[in-house]
Amino acid sequence: MSELQSLMNIFISAAFAQNFVFIRYIALCSFVGMTTSMENAIGMGGAVTFVTVMASILSYVVYQFILVPLHLEYLQAIVFILTIAVFVQLVEIYLKKAVPSLYKAMGIYLPLIATNCMILAVALLNVTENYNLLEATVFSFGASIGYVLALVVLAGIRERLRYVKIPSILKGYPIIFFIAAFIAVAFMGLQGIAR
Amino acid sequence: MKNSKEIVRLGLILGLICLIAGFALSATYSITKDKITEQQRKALVQAQKEIFPDATEFKKIEIAETKVGSATLKELYECLSENENILGYIATASTPGYGGNIIFVLGVNSDFSVKGVKVTEQTETPGLGANIAKSQFLEQFNGKTLNDEFVVKKDVKPVTSATISSRSITNGIKEILNFTSKNVKEASK
Amino acid sequence: MSLIQIIIFSSGIMLALGIVFGIGLGYFAKVFKVQENPLIDEILEILPGANCGACGFSGCRSLAEGITSGKASIDTCRVGGEETVKNLAKLLGVSTDNISYEKYIAIPLCKGGKSLAMKNATVKGVKTCKIANNLKLNEKICTYGCLGYGDCVLVCPFNAIKMNDEGLPEIDPSLCTGCGLCVKECPREVIEIFPYKEKVLAICKNSEKGSAVRNACRVGCITCYVCEKKCPKNAIKMVNNLPVIDIEKCDLCGICINVCPTKTLSLIKALSAKENGKK
Amino acid sequence: MRNLINIFKNGIIKENPVLIIMIGLCSVLAVSTSVVNALGMTLAFSFVLIGSELTISIIRKFVPKTIRIPIFIVVIGSFTTIMSLFLQAYLPDLNKSLGIFVPLVVVNCIIIGRVEAFSYRRGVIESLFDALGMSVGYGIVIVSIGFIRELLGNGTILGYQVFGPNYNPALFFILPPGAFIAIGIEIAILNRFLSKPKKVKEDGQDK
């Protein structure tokens, strides 16, 4: 029972208590750029979830079976980002040819993800928190759920932004950051729930 | 087949660039390697010195990193004075706090009362939870023994508006104190 | 772990990874080659390729596709800045004074203004196209045409769209850059992007037949096939009850425009602000 | 020479990476809790940016199309790791306060963006000036946000008490939401004074 409980704990703290976008400020570039419309947000969220979970498993394997036995832990950052970038490029090439329909829906977001901060952050945090494989997968899944949640919430609000009168000086990005600030306050409230 | 030559060329170019990168990285790593380990130990050694000023040697007790309740014990040291008698023990441990893990060093006297506590790393809310690292809060633990309750608001005055952080560090100390005394009792038997 | 060992192992690992990934990528790129419009790659070549999504497209490749298909103007990408716009203009052979390029504009495909489309209800609630469309708050009988609450006006960054007194959007061709924001915004996709060339267009989206259209709107296309039959170049084909005119074949003779009983077809050139919406 | 100065100025105002192009925000918001952190991050960031842009523009002839992203990432990654090793060895407390954002510099969208957009196609000197321009542009933003957040959230500048001991700081600015507000204000100010026609399109998007 306590094993499952600690997994739930990791999931909730990754998705809500330590939300990657609002509390840890990770992956803000795509967060601002991709929330212009809801289907962009969902498409991006789906792609990021898939890549984060796969990448965290991939980086766990690379870390445990190549870097640790040879005591080359200091190489972790560059090896992780290299494997992630190549993995994303391979998936993109494969999807474009083999599954064009899926590529149309999700693939166009893939090039964006190679330079997304969250994937590398999840891989590195798996190492610093020295999770085992199962915990790492749950952590990466939780993190991407938190990311998707953040994207969808902001995309929803941004779409309704059209029908609201905004002071001219705040038009464009300032108002989006203010909205993100208010959502961040809400997420800060969740910080105590998972320990 | 032309493009298999092309593929090999791609592989070689990427391989070559990675080789140069690998070489550069390992060179910098070897220069900075011992400096880094020394820095990491410096924080720990400094904390140990503060808790046991008169101890001259800290012998590492071979003990695996164990989970003690919600806290995890990382390392355990024996503090010896010049004439080799045991002054007490130093445990480095971590307990999940409000914003993330709190890493702290607990000094235990030979009579298993708390000699001193130092928080080396924490990510609590700045200005509120972060005050648990300050000495006014930590000094109240000095001299406490196992039969103290270690309960916030009872025998431990919490940091204002940071009850979760205070409670997590308090029961972290209690569990590690409990564990070190039990573990050392068996060892000395 | 002596220093030499570290150096050898690190370089060895990096070399191995590099070669494996290099060959892997090369092999994948060759085996899974996909034939695509070469222009996309040329444009991608010029775009910074940062895939940062700042332009609202999901990466430089989809922006390149957007530019080739005319959906995006060539200065959408801000990361590249002036330099990218100049190169793109050189590649696409367009002048860069006000970054005008092969002009595309948006055309609202609905003539059913207040005086022409029959009404069977009046709406009291929130007057925005998206909400009216989602909640089916239709004043007009025709459920394909323009709702007239001006979502497109709000979203247009160039203020090129104004609602005329008929309750239909009028797009000023000189201001419109064909960026497509209004196309995405209109819940009924009444507005579409077209190259701004002489062209005959069916200004109606109602894909139903005969009487259903007739009692909904006086200028809707009742699928009577007259234009298809009468066109000397048979450039017109009926696609789900709406005429589609083939640009190459059509020589703008205008027979179809006159012969159409409900005057749905219009010549696009003439379709500046005044023509739209009036009988 | 004129052109080089333009490139340099370009990075600071016209195409300021953080405020105009809106990329590389992760590190700006996260690390700007104090001016010292902000300066530390700027130095780390500039070292990696200048190093990567120069290296890439030197070897840009040998970089084949299909594997250019992995090559860029290896180059940027190695500069980042070298920087983080030096940081761990010689500036441990700065390294601790920057935390996870030191290795995250490798995926900083500005670096990869500028390397692709600029140094992969331009000469070495131009890349150098572009890198310097971008770093100064980035530095100005992050230090100014750090200044606002430290002053209001902590009552200190560079660690020196400004408002006297009994100033009870508006903690809000040190906490995450404060960062969003601070950068929001900064962009609003920029909108106000530098509203160029191009801005209209951007504002229009969310009118």
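Which chain is which? They are A, B, C and D, in the order written, and residues in each are numbered from 1.
Note that a contact is a pair of C-beta atoms (placed from the backbone, for glycine too) under 8 Å apart; a residue touches a chain by one contact, two chains touch by 3 or more.
The model shown is predicted, which means the values in this text are computed figures rather than measured ones.
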Using C-alpha atoms only, the most centrally placed chain is A
Of A-D and C-D, the pair joined by more C-beta contact pairs is A-D
Centroid from C-alpha atoms only, then distance subunit A to subunit D, rounded to Å. What do you get?
21
Centre-to-centre distance between subunit D and subunit C (centres being mean Cα positions), rounded to whole Å:
36
Centre-to-centre distance between subunit C and subunit B (centres being mean Cα positions), rounded to whole Å
60
Give, as an integer number of Å, the spacing between the C-alpha centres of subunit D and subunit B.
32
Contacts with two or more other chains occur in subunit C at residues 6, 9-10, 13-14, 17-18, 21-22, 25-26, 29, 50, 52, 54, 56, 154-155
Flagged in subunit A as touching 2+ other chains are 29, 32-33, 36, 74-75, 78, 82, 86, 89, 114-115, 162
By the touch rule stated above, which residues of subunit B touch at least two different other chains?
9-10, 13-14, 17-18, 21-22, 25, 29, 125
Interface residues, subunit C side, partner subunit D - complex
18, 21-22, 25-26, 29, 48-50, 52, 54, 56, 75, 78-81, 84, 154-158, 179, 181
Subunit A touches which residues of subunit B in the complex?
18, 21-22, 25, 29, 70, 96-100, 125, 164, 168
So, in the complex, the side of subunit A touching subunit C is made of residues 29-30, 32-34, 36-37, 40, 43-44, 66-67, 70-72, 75, 78-79, 82-83, 86, 89-90, 93-94, 96-98, 108-112, 114-115, 162-163
Name, in rising order, each residue of subunit D that touches subunit B in their complex.
33, 59, 62-64, 66-67, 70-71, 74-75, 77-78, 81-82, 85-86, 88-90, 92, 96, 153-154, 169, 171, 174-175
Going by the contact rule at the top, pick out the subunit B residues touching subunit C in the complex.
3, 6-19, 21-23, 25-27, 29-30, 33
